[in-house]
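Submitted below is the structure of interest, expressed as structure tokens.
Chain IDs A, B, C, D, E and F follow the sequence of writing; residue 1 opens each chain.
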Amino acid sequence: MISRFPVPELKDLPEDVRARIVAVQEKSGFVPNVFLALAHRPAEFRAFFAYHDALMDKEGGAGSNLSKAEREMIVVATSGANSCQYCVVAHGAILRIRAKNPLVADQVAINYRKADITARQRAMLDFAMKVALESHQVGEADLAALAKDGFSKDDVWDIAAIAAFFAMSNRLANVSSMRPNDEFYLMGRLPK
Amino acid sequence: MISRFPVPELKDLPEDVRARIVAVQEKSGFVPNVFLALAHRPAEFRAFFAYHDALMDKEGGAGSNLSKAEREMIVVATSGANSCQYCVVAHGAILRIRAKNPLVADQVAINYRKADITARQRAMLDFAMKVALESHQVGEADLAALAKDGFSKDDVWDIAAIAAFFAMSNRLANVSSMRPNDEFYLMGRLPK
Amino acid sequence: MISRFPVPELKDLPEDVRARIVAVQEKSGFVPNVFLALAHRPAEFRAFFAYHDALMDKEGGAGSNLSKAEREMIVVATSGANSCQYCVVAHGAILRIRAKNPLVADQVAINYRKADITARQRAMLDFAMKVALESHQVGEADLAALAKDGFSKDDVWDIAAIAAFFAMSNRLANVSSMRPNDEFYLMGRLPK
Amino acid sequence: MISRFPVPELKDLPEDVRARIVAVQEKSGFVPNVFLALAHRPAEFRAFFAYHDALMDKEGGAGSNLSKAEREMIVVATSGANSCQYCVVAHGAILRIRAKNPLVADQVAINYRKADITARQRAMLDFAMKVALESHQVGEADLAALAKDGFSKDDVWDIAAIAAFFAMSNRLANVSSMRPNDEFYLMGRLPK
Amino acid sequence: MISRFPVPELKDLPEDVRARIVAVQEKSGFVPNVFLALAHRPAEFRAFFAYHDALMDKEGGAGSNLSKAEREMIVVATSGANSCQYCVVAHGAILRIRAKNPLVADQVAINYRKADITARQRAMLDFAMKVALESHQVGEADLAALAKDGFSKDDVWDIAAIAAFFAMSNRLANVSSMRPNDEFYLMGRLPK
Amino acid sequence: MISRFPVPELKDLPEDVRARIVAVQEKSGFVPNVFLALAHRPAEFRAFFAYHDALMDKEGGAGSNLSKAEREMIVVATSGANSCQYCVVAHGAILRIRAKNPLVADQVAINYRKADITARQRAMLDFAMKVALESHQVGEADLAALAKDGFSKDDVWDIAAIAAFFAMSNRLANVSSMRPNDEFYLMGRLPK
């Protein structure tokens, strides 16, 4: 079972939704279940992936210093804290691939404080976890500390927005009992 | 200060973003600060409001039994649990107007268990709070209980998706220290 | 329903209890429900209000630097943390009036860290929240910090005693499901 | 050190406060430090002990079925949960004496679920702990369960009010670092 | 770095400790770091592994119905809850091998409620998690429920003792920042 | 009842287990129930007490600066945090005797921050509690602080290992509802 909620057939989907799913299938070789689990709500599907891509498919750029791998680290660490099986397994795979590191995803998912990451990445994850778990306590001191570590205001927004987006995503996956595709478990673990 | 992050001028925004803001201003008489606080990221702005409208601007309809007021109740209750000042104040105002009830928003924000709501609404909020605070514990028993209370699968998705969307929204507002407009505090408190 | 417990008629109360209730009615125009909800236990009623007045009805004075509005801020912030609907609504009204500020009560109730208050008031509420939520962790360092912020020992006692008194009061209101009077919701929100 | 706050000399106290202290000294052979630690605030002192006596010095009576020993059990269990050294040590002594049981206080302080108490007392403490730790969750179901266990409405109020009063008392003792008198530790442990 | 504490050379170890390490190396092809990290304390090393083997190296037997794979499930689930990187990675590998299932360890580590396990295993893990996280709340009702699910008293002890032993082990690994061997990450993920 | 699990007769035990129990009985005048409650599992019994003795029966020595009384303090403080009745009562007795102090055990069990201990012992217990309650957060800063307070690496291991061992022990005692012997309650309270 992919989800506790209805999973429509590809042929019954609006054209743009189906096109998006076909595209990911061609690129990845399979359809990640999140695409199928959200497809019963096309308007939400479109907004979800537009939001996702705006946050995750950036590699540095204007004022931004977070690599794609670092963005995935945020996903994996906060999804671990939220006990989201789908997000840890699926984004753990993407993190391994983007970081070209077969170990880092499992490390970050369980306890990022002990992961093989840089001090800057550790600071990034400390902040992401605060956003995920007690955002009402975030204050000027947090932002000042991140500035001292070399994060721009745009970086801080990115970290916070990714942690916030996956706060949503984790809850959707948890409630729907979204199942990670079997393919994800091994991706990025073997040398090419 | 509206936000800890940049707030662009209306004239510097992409046309569609500006048009959306002008429209809400004409309808409400002022621009809710969330529109200004998100505008520095047009792609995220578009996705955020597309998502928001897909979830919040429905009154019943195909398979759905949640009124607009009930949707706002979910926002106010979970935003209270997340200590999100912007969302409680702004959506508290909308809840008062949509429910035509000057008291219910303050009641729901502090302790929905003692609010003047129906038993069905109480069950709806019990579930929304579980999604907001411990979604990894949601299980079949929760869904069975909701079905017994007359909620369709679509309703359950709506409750969960609204709680999840505002899990994101609360975190963005908390990190940016988004300020509720003064206008919200009194809206819906006085008889027309 | 005002309370889950018996609410006696005014005529059946001991003379001093009734006199106190009549006095507050004459002054406020209505009887706040807390007076009625506690009246079934005259000895406790007397002690409760004697204690309350000793802590709340002081404006500065010998060694004390807390205004009446600041005392109410402590009540509203800690009662929010304890999800006490009666105390947030009733003392929110009093705070608006004493601070001559229609916004501050809602801000403090949801997240005092983002309220329009002074740095000194922020420090006061940080300490009050520690007393409310984890008093066993209070130590010399907390008192030293408060002294540096200009609080006298008497001020520190006042902050702690108010947070402690409403720790009691919140629990009584929560267990009895004490209902805030409708009048409170709008008090202090409109210019005179 | 008895307290972090001023401890006045007996001779400097108002006559009624001093008389109360002298009376307890004559009865107990020593002055429990709580009397000295609160004496610097005579009005609060009077209200505190009036409230205390109204709740604790009852043995059954009109509609009430809680013995004095059971009242002390509530104090010890909830004070343990609040890590209040003064209250656990002092009221542990009183509980041993009133229950004529040298073991029960230590048992209740650490984990009342394993104490040598009756099923009815266990239910009483379950409720007292809910009042102490999450009173906003108390609902009709809790009161119905207590009624089924034979507790009158007056008993329920007593349990809640004692737990609430010591929520206050624990916080005062924790903040002031009130020191239990050495005498308490051994009281009630030896056969007479 | 294997540990924050001293890691002795094999040649400097007492004969029995070295023999145990050599044996595991011959069997596994490498020395799991926990053997090296504990070796600086030979007496504790001996007790730790004697205890470990008594609990983990049983397959059913007299009165016991827990398979070796099920024992490892308990380790992985509770170690995930304790954020113990070493134990999740190392015992995740062993679980994959013993269960002959490449997916189950990652599922159980993040949220066992959604893992591909039987209802009986789910009940086993519910209890193990209660032991790990709030053992003071365990009561007769828990044991009665386990008996109804077919667990013998010996099984219940096994579940509890394994959860308890890894409560210790997780803390040792967390404090020493014990590093999982790289070999563990891929073990049991590929078909033989 | 000593335990929810089987308690074998002395005569049915393996010789070494019986000998150990007889020895403690001769020394103490009674058999602490933990020996009886664990005896139904001889292999675990042996490992448990071997581990216990390796950690607790040291008085300083090679590189170690923790007295036996200090070791017991760690047990009492962390067992209090874990609501373990058996461990608090039994090790409280041993602490009183080893520290030759009739008050310190009750103080440490409820709130070690207010106990009559040295600043160094306070730092030791702060760390022990972090190991007991949130060991995944332990980091280099904790170890550096302990080094500054004069603790050797061996001391840090001892503190952590004792807190970890009793994390296990507390869970076993809680699940089995192990009953403290009546003798413990008074031990060490009276002058010799």
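The rule we apply is simple: a residue touches a chain if its C-beta (ideal position, glycine included) is under 8 Å from a C-beta of that chain, and two chains touch if they have at least 3 such contacts.
Computed from a prediction, not measured in an experiment: that's the story for all the values here.
Visitor: Trace the shortest chain of touching neighbours from subunit B to subunit F and give its length in steps.
Guide: Minimum step count, subunit B to subunit F: 2.
Visitor: Touching both subunit A and subunit B: give me those chains, sorted by label.
Guide: C, E
Visitor: Examine where the copies subunit C and subunit D touch and state whether the two sides share over half of their residue numbers (same) or under half (different).
Guide: same
Visitor: Using only Cα atoms to place each chain's centre, name the chain farthest from subunit B.
Guide: Max centre-to-centre separation from subunit B belongs to F.
Visitor: Rounding to the nearest 5 degrees, give the angle of the rotation that lays the CA atoms of subunit A over those of subunit F.
Guide: That pair's rotation angle lands at 120 degrees.
Visitor: In whole angstrom, how far does the Cα centroid of subunit E sit from the Cα centroid of subunit F?
Guide: 23
Visitor: From the mean C-alpha coordinate of subunit A to that of subunit E, what's the distance rounded to whole Å?
Guide: 29
Visitor: Subunit D to subunit E: how many Å between their CA centres?
Guide: 44
Visitor: For subunit F, give me the residues that contact two or more of the other chains.
Guide: Where subunit F meets two or more other chains at a single residue, that happens at 83-84, 111, 136, 174.
Visitor: Any two chains that touch count here, so list every such pair.
Guide: Those chain pairs which touch are A-B, A-C, A-E, A-F, B-C, B-D, B-E, C-D, C-F, D-E, D-F, E-F.
Visitor: Could you pull out which subunit D residues touch subunit E in their complex?
Guide: 111, 113
Visitor: How about subunit B: which of its residues touch subunit A in the complex?
Guide: So the residues of subunit B in touch with subunit A come to 4-6, 41, 43-44, 46-48, 50-51, 54-55, 82-84, 131-132, 135-136, 138, 140, 143, 153, 156-157, 160-161, 163-165, 167-172, 174-176.
Visitor: Which residues of subunit A touch subunit C in their complex?
Guide: Residue positions touching the partner: 136-137, 139.
Visitor: For the complex, which residues does subunit A have touching subunit E?
Guide: Subunit A reaches subunit E through residues 80, 83-85, 88-89, 92, 102-103, 106-107, 109-111, 114-115, 174, 177, 179, 182, 185-186, 189-190.
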